[in-house]
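Below is the structure I would like to discuss, written out as structure tokens.
Think of it as A, B, C, D and E in the order they're written, each chain with its own count starting at 1.
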Amino acid sequence: MKSWKQTVVTAVLAIAGVAAAMPAAAQQAGTQFIGITSYRVGPYGANGAAFFGGFIDYLSLVNERDGGVNGVKLSWEECETEYNNAKGVECYERLKTKSATGPTAIHPMSTGITYALIDKAPADKIPLITLGYGRTDATDGRVFPWVFPVQSNYWDAATGIIKFIGDKEGGDLKGKKIVLLYHDSAYGKEPHSVLEAEAKKLGFELRMIPVPHPGNEQQSQWLQIRQYQPNWVILWGWGVMNATALQTAQKVGFPREKMVGNWWAGSEIDTEVAGAAANGYYAASLNLAGKGYPVVKDIEDIVYKKGKGNGNPKQIGTVLWNRGVGAAMLTVEAVRKAQEKYGKKVLTGEQIRWGMENLDINAGRLKALGFNTMLPPIKLSCTDHGGSGLVRFQQWTGSEWKAVSDWISGDKQMVRTMIEESAAKYAAEKGIKPGCLGG
Amino acid sequence: MLYRESGQFKTTYAADQQLFPIRQDRYAVLLLLAVAFVGIPLFASSYWLTALLIPFLVFALATLGLNILTGYAGQLSLGTAAFMAVGAVAAYNFQLRIPGMPILVSFILGGLTSALIGIAFGLPSLRIKGFYLAVATLAAQFFIPWLLVKVSWFSNNSASGVITAQPIEILGFAFDTPARKYLLVLTIVAVMALAAKNMVRSSIGRAWMAVRDMDVAAEVIGIRIMHTKLIAFAVSSFYCGVAGALYAFAYLGSVEPDGFNLDLSFRILFMVIIGGVGSILGSFLGAAFITLLPIFLDVLLTEGAAALNLNLPSGMTSMAQLVVFGALIIFFLIVEPHGLARLWQILKEKLRLWPFPH
Amino acid sequence: MSQPGGTDAVADTFPRLLQHHAAVRGDRTAIREKDLGIWLSWTWREVADEVRAAACGLAALGFKRGMTLAVVGDNRPRLYWSMAATQALGGIPVPLYQDAIAQEMLFVLENAEVEFAVVEDQEQVDKLLEIRAKYPRLKHIIYDDARGLRNYPNPELLSFDRLQELGREHDRAHPGFYQGEIDRGQHDDTAVMLYTSGTTGNPKGVCHTHSSLIAAARGDIAFDGFTAQDEVLSYLPMAWVGDHLFSYAQALVAGFCVNCPESSETVPIDLREIGPTYYFAPPRVFENLLTTVMIRMEDAARFKQRLFHYFMAVAKRCGAKIMDGRTAEVSLGDRLQYFIGDLLVYGPLRNVLGMSRIRVAYTGGAAIGPDLFDFYRSIGVNLKQLYGQTETGVYVCKQPNGKVKLDTVGPPLPGVEIRIADNGEVQVKSPGMLKEYYKRPDATAESITPDGWFMTGDAGFFDRDGDLKIIDRAKDVGKLKDGTLFAPQYIENKLKFFPHIKEAVAFGHDREMCTAFINVDLGSVGNWAERRGIAYSGYTDLAQRDAVYDLVQECVEKVNRDLATDAQLGNSQIRRFLVLHKELDADDGELTRTRKVRRGFIAERYAQLVNALFAGDTHCEIEGQIKFEDGRTGTIRADVKIRDAKTFPVVEARKAA
Amino acid sequence: MSASPHPNPPPPAAGEGAHNGARRIGDVLLSVENISLAFGGVKALTDISFDVREHEIRAIIGPNGAGKSSMLNCINGVYTPQQGRIRFDGQTFTSMAPHKAATMGIARTFQNIALFKGMSVLDNLMTGRNLKMRSNLLAQAFYVGPNRREELEQREKVEHIIDFLQIESVRKTPVGRLPYGVQKRVELGRALAAEPRLLLLDEPMAGMNIEEKQDMCRFVLDVNDEFGTTIVLIEHDMGVVMDISDRVVVLDYGKKIGDGTPDDVRNNKAVIDAYLGVSH
Amino acid sequence: MPALLAINNIEVIYDHVILVLKGVSLEVPEGRIVALLGANGAGKTTTLKAISNLLQSERGEVTKGGIEYRGDRIDRLNPSELVKRGVVQVMEGRHCFQHLTIEENLLTGAFTRSASRAEIKQDLERVYTYFPRLKVRRTSQSGYTSGGEQQMTAIGRALMARPNMILLDEPSMGLAPQVVEEIFEIVKDLNAKERVSFLLAEQNTMVALRYADYGYILENGRVVMDGDAEELRSNEDVKEFYLGLSTAGRKSFRDAKHYRRRKRWLA
């Protein structure tokens, strides 16, 4: 048997080949390069595929329809993270080297990866855009100049949900029982403090029940819920956990009309899998679903017609796909904004950061971009890297998500106070002197 | 072939017992160290350092820790990640709560804390063996992260349970660039690997192996079984603890207890198995195989697809990578069930005999 | 006298040389022995102390100037020290072949009137105790390794440690004694007696003086530029002049380090570890090594074999030229290929053979096959031939670097005179010449002419370059009935050059034709058989296989074809041959201890077979007795086949070489 | 290390007042008193008593399953007898831990070789010297000072055992790769490495041919003679037992049926019936 | 007599680099008992394992030569296939299933056969006629039986596969002299009555040569001598090295020398 020799030879050849391929393959010169740490395999692969499908489709649209951003073409590369922190770091490091100006901005699409990159981004001068996830206190741009938890954060979501429930309950939550059914991870624990504060303030009873990863087994949690008989259940899940929660709720007979998910628990992927069990379920959203927006039509007409669509055509107009389109739009707009200051050329991360921090997209601009009401307006500043903090509630009709509320806001005041406290503590721990970077 | 040992003879036991008795090995190791300590920091990109080498070294250290316990002392454990978590969280807390605490001392204390916990979870090994012991160590794997999450004091009441490691500074010198972090990790790993090698060739290492191979005989020649096993747990956990601290401080920067899950424990166990049970070198080879090969494959497949202008559906390369990686693991295990280290040993033996076959 | 090695003028005896080295390079390693897992080392100063203690111990036991001391055993430091100790007291060490059976030893002990013996271990002690029954003059048996001897009641036994203890006491009691004894030594005292085994008759003790051996050693050292930095492995029998000169005399003159292997079985491993810079072995050793190499290569994977053969062909083409520095004759391509070959094949090969560091390797004592010689030179081992006898201190001819020719033994060494007698015999005057044969004035007179020339008994002549060429033992050369010249050793050597043939004995003097006994090489033929799927068990079985006969026949016929080109020897082609059913063995008296065939004895012992050969029988049944070491006998019975070999018409030689 | 080729004083040499095989058999070193051992109702040993004198070679023989190995296991504490006492070197025990037995100088080999298969011969023997090693974990980890010195000292001691048992050529071979007979030797070596006062050998010559048995006998005799070690030996080869032992205990079904010199035992009818059979 | 089993020049290498057997050839004629003699490590067990194809689990492989059984190459057959063809190995150290009873152990031997219950029952009885001791202890857990009984169980288990040929590795190992005789008597009996051929590796040369018809002596992985048992018994080398006999009869173990006489192996 000589196979060990062949093995060694093969291995050596493979390694040599890879090593040769390792040096950063230069991206097309003269393009604005966007690094994408995506995930399409693993437990959350379906979610990632929808989001990044939309994200890339929008980038394609900008190139195909507008010839880039003011003539600067966009280019991008994906790197698979499998929703794994270590892999995320590896992808980040890999993408970082891919172009002379860096990867424009990173959307980690994972709270864990965001945490792992928070320290690295300032050193590498790469903006992290965390749309609806990540570290909430990073909203304080004086402590986290490079992180943009844009639009709304988890605390906004939590207070928004409480507000929504409060409205449903006729404005008074005193004595009511609310359960938080959460994914037992950093992500799931994000709303704890703010919900506890809300409970104290509004006088409702709060019980928090963890579901261990990945969440496909919730029998005991729901038995607990049934015993406890809450008025509402807030579903703070991700991936397979959501559909399981809905199905188990149906099994134990808990009304879905009394369940509200956050925006990661409110996509077609969750409800379609759950089937009829999802009917009537509410979820907060950062964006509306549906195809009735000019931008979606443009993507279908220009990108998909040319066969350059990235996502699964069936996903067009879904919650996560639309979210991806929105996230891409924010990135592109940050580029556009930065170009105003630095000129119409390929820009560095540092310049994009300025663009991001000075982003101001009002309703008019949204309309011009073809988003209409899909997203709320957004305006950022050095102290506020978040934005409106608005959420909108949708309900699953059995075939689609239908908006059932206006853009509403929770307890913005409380959230802001908590953000500043938390950010200050972090700054102290890390020895950061808060301040604005400017341009 | 490369080994030309003629004329290398030993006139003292000291020479015969040195770490690398063959001159060519000594030179190779020196060369390797020179490359690792000088060449790499000078030339490697931050991607190589941060994304490949630092995690490789950290995992190698954890693998070393598990290998000491499983490979040398014969006690199967599935709690590696938990011990890493202890090390990471303990180092974080020592750093956080004791002002002016030198970071290296924090690492050591983190390791020692982990060692203590390791001893506690090693106690069942006195009564149970093998598979059953593995199940007992699973308890550690479930209990420790749960505890760290449950008691938010450990994460300094962080909302999410995530701890964010403090910056590394030794005697006023900040280890803030990838190269510096790499050098720090490399130094720690090199010293600890040397220490591990020394331990396994000293009386404690022989006691471990004796207990592993034939515990009755070990007892009969006067080895205290309990003592020996607990030391193995302690040393192993110490290594894992330091690895955990480095994982948090030098690699990711922030970690959540749930990151130290069973998955990670299994990964490290795979590293031990692929690398070679009961081999220091194997720990490094295994860590390299499991941490680096998927990345190489990924890059190879991505670049390969790009070079060939294949417009593969997104996610396809990732799938392919997983398939190839899995196949390679199986292939290597079939070719050499005793791991890469054994493969290397056979190769070395062949080279020493070259051009003869036996 | 020239002074290579920086010795001073007064160091003209071995004990004084030892003292000289202890003074000049006291902290350098003088001798090593593989024992207890490492190479235990002694510096020159330590050796001098050990020798002193041993010498004084001998004196305490009553050893007197002029007495003899037998040394029996493998190459052990203490045995070498015993020789030096004996010489320090003005005595004469007599090394014996360690594998000799008691009966053989008895003769030498009686002849040399030995009263003291230093031996290695229980095995030798047992032999000497057995001898003592017949030779009570043996008074003291000193042993190195005490294993198994603790309960021997014999009062004449003494451990070497005890001897040295006695010696240290004696030394303390008689402070000036030791130095006095050394000072009394004369350079023309007999330094050592080496018994030549002799293919006929009983052994003779060759007496060498300090000055003859030192002169021979100095000459050798100057010739090849040996220094105190050199390393040798002493593994040849201590009783053989080769080892004595190389591991004792030359080491003491040049001050280089002697390494003693762990045991005779581990010599290849020890050789590889030490990697000597200077190596000496009879052709038989080189041959065995090559056979092993070939067998092991045959087991290698196809790819490796092809690589090996390819590069060996390259080496054959240009290796020797490169070795001799005639690079101008080698094309650039060949040089490049040789370089790669050195990386892939020759270098590793030299390494596994333990020859990586060799600067000079010598062979002598018998003819070496051309393929064999070429092989070593082509892979970069500077193997050279020398010529000499026990009686000449092996100081006659040596091949100088860069001028190595296969068929000659090189020009006379500095200080050596050679003349070719009328009968073609080579006669020598050498600085290394013996003093006399011990108690054999008759033999001395027969060997040394009145005008001081030693008669070597070899027939030879000088070629145009002035290099000596040896043809055969003059005494052995006979004639067939038809008057054709019959040179048995010449024919035997030709046969033995085939790796498959280990030994050959040719018969023909006063007969109508030439015939031969063959011993096949079990390793080489065994491997050959294995590859052909010929099942066999043991030598006897293998030897009588038809396929093996076919194989041998091929070799014999090749020799015949070769002989046919020689007008003088053409008629002595081998007409018939047989493969002996047992290997010739020194224990059975068929070989000398240096593994030379004792033709006469063999002819007598196997008269039945010889007769059958000449009688034209196709097979012959034979029953014979064999003697075991412990004196038991066994019978061995076999039906030996006899074959005819093809002969070739004698071609008129184009030109005699 | 300075070149000190013969660090250990050589054994007493022959010729100069050697004691001609008269080993000085001394007082009782070990006595086994009324030992009974049972496993869940199955009696392995019933009321066994015998003694072993210092420097003696004491053989235990008997059919398979007679309780011979159980007897050794009681002596060095692997089993705890239900009844009876063991006196060793003046101290009395009703039970003994293996570790304690080892520290008191009792070493043993096992019937089915119990070597550390993954380790080299050298390491196996070094393990036998673990009790002699004192340096702490940190010193070991950095191979400094005392540990380094200790390792080298012990290595030298072990090399003498390797030399004694003539296993030089396999010094660095993993024992799992060695043939059975050599493994038996290595196991003896490991026991010797502990420098025991009492050596328990459980069928040291099982599965060996004559030549190997001869070697093993020599080693046993040499150990007994040169180091003065007392030896208790279980063996089936009557030739070996008769030739090398001073006294013999015969067990059958857990009971003692004979005790005395080899000649006594050879002629004991009970022993012949139960074990030796007519052919011996 | 045609050879039932013929081994031709096999070479076995362990771990890719360690040569264990070189050029070993031997034959077992139908209905004979052939003994394989030699010191530990000479390669006896390896030879048996090469035949029964059990080397792989020990990282060994037959790199050269061939093994034929009734004229068919069997080197690449797996062990269970071999059992079906009638070649069964009884391993050294007996290897009984410790937790099974003797009878259960015996029954495992019939696994490879698709025999009816009645047939198996019959075979079991047949085994019990050869080993009456086993019948008495049939319900004991084999872990608690004596070495001799375990050895008998192992042979009996082999018999349950209705073999033509049994490879017997060290049957006398660790057994009391009386039991050794008993086992060999049964072997002889099986050979005579059932025509089972045996290839047995044995250290106990004295006994082996008394019961075997033919013997091979292995040293250092090579056959150095072979011959009829009678012939071997009278060979001087065999006498000294394998039987421990000197001219004056049995040599005392007390007188063993520290050196060895050179082995000549002159047939």
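Rule of thumb we're sticking to: a residue touches a chain if its C-beta (ideal position, glycine included) is under 8 Å from a C-beta of that chain, and two chains touch if they have at least 3 such contacts.
If you're wondering where the values come from, they're calculated on a predicted model, not measured in any experiment.
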Partner chains that subunit B and subunit D have in common: C, E
Centroid-based (C-alpha) most distant chain relative to subunit B: C
Chain closest to the middle, measuring from C-alpha centroids that were averaged per chain: B
Most remote chain, CA-based centroid, reference being subunit D: A
Which of A-B and C-D has more C-beta pairs touching across its chains: A-B
Cα-centroid distance, subunit A relative to subunit D, in whole angstrom: 73
Length of the line joining the C-alpha centres of subunit D and subunit E, rounded to whole Å: 30
Whole-Å gap separating subunit C and subunit E, where each centre is the average of the chain's CA atoms: 45
Separation of mean Cα positions, subunit C and subunit B [Å, integer]: 57
Contacts with 2+ other chains: residues of subunit D: 3, 155-156, 159, 218
Residues within subunit A bordering two or more other chains: 4
Shared interface positions of subunit E, touching two or more other chains: 15-16, 18-19, 258
Parts of subunit D lying in touch with subunit E, wherever the complex brings them together: 42, 62-65, 111-112, 177-182, 203, 206-215, 217-218, 221, 236-240, 243-244, 275-277, 279-280
Subunit D-touching residues of subunit E, taken from the complex the two chains share: 14-15, 18, 37-42, 92-93, 144-149, 170, 173-179, 181, 203-205, 241-244, 250-254, 256, 258, 260
Contact set on subunit A toward subunit B in their complex: 3-4, 7-8, 14-15, 17-18, 21-22, 24-25, 38, 40-41, 45, 49, 52-53, 78-80, 82, 85-86, 89-94, 96-97, 111-112, 115-116, 118-120, 123-124, 135-137, 184-187, 189-190, 192-193, 213, 310, 422, 426, 429-431
Subunit B contact footprint on subunit E (complex, rising order): 13, 15-19
Subunit B - residues contacting subunit A, complex: 45-48, 50-52, 55, 96, 149, 156, 159-162, 164, 166-167, 176-177, 251-256, 258-259, 261, 295-300, 302-304, 306, 314-315, 317-319, 321-322, 331-332, 335-336, 343, 346-347
